[in-house]
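One structure coming up, written as structure tokens, with questions to follow.
By letter and in written order, the chains are A, B, C, D, E and F; residue numbering begins at 1 in each of them.
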Amino acid sequence: MEKTPKIAIYPGSFDPITNGHIDIIKRAIMLFDQVIVSVTRNLSKSPLFDETERVQMIRESLNDFPHISVESFDGLLIDYAREKQASAIIRGLRAVSDFEYEFQMALVNRKLHDDVVTVFLMTHDKYSYLNSSIVKELVRLGGDVDFFVPAHVRTRLEEKLRVK
Amino acid sequence: MEKTPKIAIYPGSFDPITNGHIDIIKRAIMLFDQVIVSVTRNLSKSPLFDETERVQMIRESLNDFPHISVESFDGLLIDYAREKQASAIIRGLRAVSDFEYEFQMALVNRKLHDDVVTVFLMTHDKYSYLNSSIVKELVRLGGDVDFFVPAHVRTRLEEKLRVK
Amino acid sequence: MEKTPKIAIYPGSFDPITNGHIDIIKRAIMLFDQVIVSVTRNLSKSPLFDETERVQMIRESLNDFPHISVESFDGLLIDYAREKQASAIIRGLRAVSDFEYEFQMALVNRKLHDDVVTVFLMTHDKYSYLNSSIVKELVRLGGDVDFFVPAHVRTRLEEKLRVK
Amino acid sequence: MEKTPKIAIYPGSFDPITNGHIDIIKRAIMLFDQVIVSVTRNLSKSPLFDETERVQMIRESLNDFPHISVESFDGLLIDYAREKQASAIIRGLRAVSDFEYEFQMALVNRKLHDDVVTVFLMTHDKYSYLNSSIVKELVRLGGDVDFFVPAHVRTRLEEKLRVK
Amino acid sequence: MEKTPKIAIYPGSFDPITNGHIDIIKRAIMLFDQVIVSVTRNLSKSPLFDETERVQMIRESLNDFPHISVESFDGLLIDYAREKQASAIIRGLRAVSDFEYEFQMALVNRKLHDDVVTVFLMTHDKYSYLNSSIVKELVRLGGDVDFFVPAHVRTRLEEKLRVK
Amino acid sequence: MEKTPKIAIYPGSFDPITNGHIDIIKRAIMLFDQVIVSVTRNLSKSPLFDETERVQMIRESLNDFPHISVESFDGLLIDYAREKQASAIIRGLRAVSDFEYEFQMALVNRKLHDDVVTVFLMTHDKYSYLNSSIVKELVRLGGDVDFFVPAHVRTRLEEKLRVK
């Protein structure tokens, strides 16, 4: 009897992808047969990078990894997850403030449909303080972000934020 | 090509197993091919139930579930997990206080060996306040624990704690 | 000698009222002789429902409860509470993030006037993740909110958010 | 028709009572017709003061306040509260760590019986760091606790802890 | 051999300075030879007071203190700190929510340059709930802020916010 | 005019010293003219290493650092700090749970004497999960603690804990 492959989605705005996100994705692929990195199409606040750019930067960052795909989505996350036949929604946790918001969303999603499990992975301690907003702020102020994002993301950030 | 089955361990003292633990195990089995419920043999504080009783109560609670096994272990958790060829260590998260301790242990384990991923699952909101200590305290004081543990666990708790 | 009735106010934006709010109000009326649900007239961010609609939805949700009145207010909460001869300001607590903001406001209010007591009630665990923003977001994305708000609130939400 | 008086219980170990406890009791009496300060008879860890001493110190601290009574109890808190026909269980909140434990107990009590409401009052900011353990530790090490407890409690503490 | 004086910077938006900030500055000057209060020139959200007004209000509040200077800055905080030959960046901590954001920034700054130490000082308990936003909101609603800011800051706040 | 040297004490049980403690000490010496590492003589729970051993291990770990001294103390921390003419008490902060306990102690100490400032330094992210208890537990279970403590501390830990 053939085993059904286990699929996980990793949703986010990825504006842009950071080394923290990449660390989570590499952990997720150790657990699931396929990981779909799912870029939120319409964000409530306007993103720095448009949907296409955000997807491209993720793809370039994950070239070497098999069993990972990247796409964008909109609508209700839990409906999207079920359409993809995902067993799991992956979320990275860094700090207590993450924890509360993430739990709230996980509980709402579980209430809506009980057949997709939200799975929390811990961000590596060396990226525990990292998020996309801080990276953008650093580039804006002229700081060095080599440690925080892949080189190609850094280049794009500088093009967007330092030309002005 | 055959896919390697994904194994997860769910370690704990389970003194005794509660409906909160059972909820986590049912979620874990939606994600992994096999879940090993692993009872800590030697606890720092002396348990109410001995190792054999704790294992038995878990087995009775999970009779109907395939792909779940129960055993006890001692030594370093991460060594045990690798010996079992586990991809994941499952931990339930309920509250902020859980969160900090669990993250600390997950970071230590990741530092020791990077090839087993700690996976956090969210306890169902209706069990968010539940733990084994509260259940024991309630039985000791004559409270009703039907909502909190399976009937056979309740019976054992009353035998242990109300005879006195 | 006649006892002075104890009055409590329950302030909020209620944009719209949820089942979590209703649970708090039902608990408050077990404690006080009169509960005034007090809708903040001018919000810093523009509400989905205007003041009249927000008051109406609360009234429709609480038709069957005596000793509850609904009104709107503006100005300083503590001044309004004293004008109403309230002994207490009711606040619902769900999570740690609530806790800190609510404590801050309670301490400021106590500093301004020491004769009104801020009273925190715990939201029922089944609504612990619920707030008005999540309900609006769910309706906007086509999610089912039957569990979260009364039927008449759901209808109004769909009229506002799905027509577009 | 006569109004039923609203009774609240304020349970604790009070080993010994501090100025923080007294602040909470004064706030509670602004809200309820009667407040019963309820001393836990059997504590899991052995108290510094026995049950009679703990009750006496509370009585001496609250001499001037009408509508307050002091007694000891054992057994399940929620059963005791119902026997006293209490509408409310009062709990003081100081910090996030309090919050989680207190919520857990309030949710368990609500699950056991839904007719007694747990009410959280905020400790005055000037006592936000205060608890009985710290007071005992300070006296043991020769520190001045005038700000933290009434004079008669201070005397008893010094008799117990400095004789040695 | 002459000892190099230890310089600390205390950065912030100070829109306006409160008694909580002043308490931190007085503590900092007990530790360092010189404290530079550094006003963020360009804020992401538009401030109530412009840069010049914010600097003036701080100067008027700290007239009597030697070894304190006030200036404004923009760009990356850590670069500014090094340019000033500061050993330390001072940050006030009040609550858990402060804690996480502040740690994140301190870790980022340490990653960028390891030679400036972020030093956290505890806000006095009587100002633990205080921040510039609450003060502005209180003045806007007609509340009394005498306890929260120096008299000259109160006057300026009323001029700005009550004329409208 | 001669400048009075600024002295800081860094109190703790250090049972044993870890790389996290050493990181804090190195940061503290960047800020103060002298740092006294102060080992708590009598601990409430019995330590693994006696007072002399704990002092020795700290001294061996800090051989290369000038301006650091190590001693043991008992009694009230704030009295000891004043006797040493210290301006500051250094405390390391790692996580939210640290934060609350540390703030409580800092507020008590400030209430007792206002002339010594508690200064919080942030533990390096790579040691954010580290404490002496975890290190002892790891050695007890046969884990590798090279990353967590200096080599000479590791040797002593193994002598104490693995002989059994």
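Criterion: a residue touches a chain if its C-beta (ideal position, glycine included) is under 8 Å from a C-beta of that chain, and two chains touch if they have at least 3 such contacts.
Quick caveat: nothing in here was measured; it's all calculated off a predicted structure.
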Quiz item: What's the overlap between the neighbours of subunit A and those of subunit F?
Solution: B, E
Exercise. Pick same or different for copies subunit D and subunit F, depending on whether their interface residues overlap by over half.
Key: different
Practice problem: Could you tell me which of A-F, B-F or C-D has an interface matching E-F, in the sense that over half of the contact pairs are shared by residue number? | Solution: C-D
Quiz prompt | For subunit A paired with subunit D, centre-to-centre distance based on mean C-alpha positions, whole Å | solution = 48
Quiz prompt | CA centroid of subunit A to CA centroid of subunit C, Å | solution = 35
Exercise. Report the inter-chain centroid distance for subunit A and subunit B in whole angstrom, where each centroid is the mean of the CA atoms.
Key: 29
Self-check item: Numbers and ranges of subunit A residues touching at least 2 other chains
Solution: 96-97, 100, 103, 107, 125, 128-129
Quiz item: Could you list each pair of chains that touch, in label order?
Solution: A-B, A-C, A-E, A-F, B-C, B-D, B-F, C-D, C-E, D-E, D-F, E-F
Quiz item: Contact residues on subunit B for subunit C in the complex?
Solution: 96, 125-126, 128-129
Quiz item: Inside the complex, what are the residues of subunit F that reach subunit B?
Solution: 95-97, 128-129, 134, 138, 141-144, 147
Quiz prompt | Contact set on subunit B toward subunit F in their complex | solution = 75-76, 78-79, 96-97, 100, 103-105, 107-108, 111-112
Quiz item: Along subunit C, where are the residues that touch subunit D in the complex?
Solution: 3, 5-6, 27, 30-33, 87-88, 93, 96, 99-100, 103, 106-107, 110, 115, 117-122, 124-125
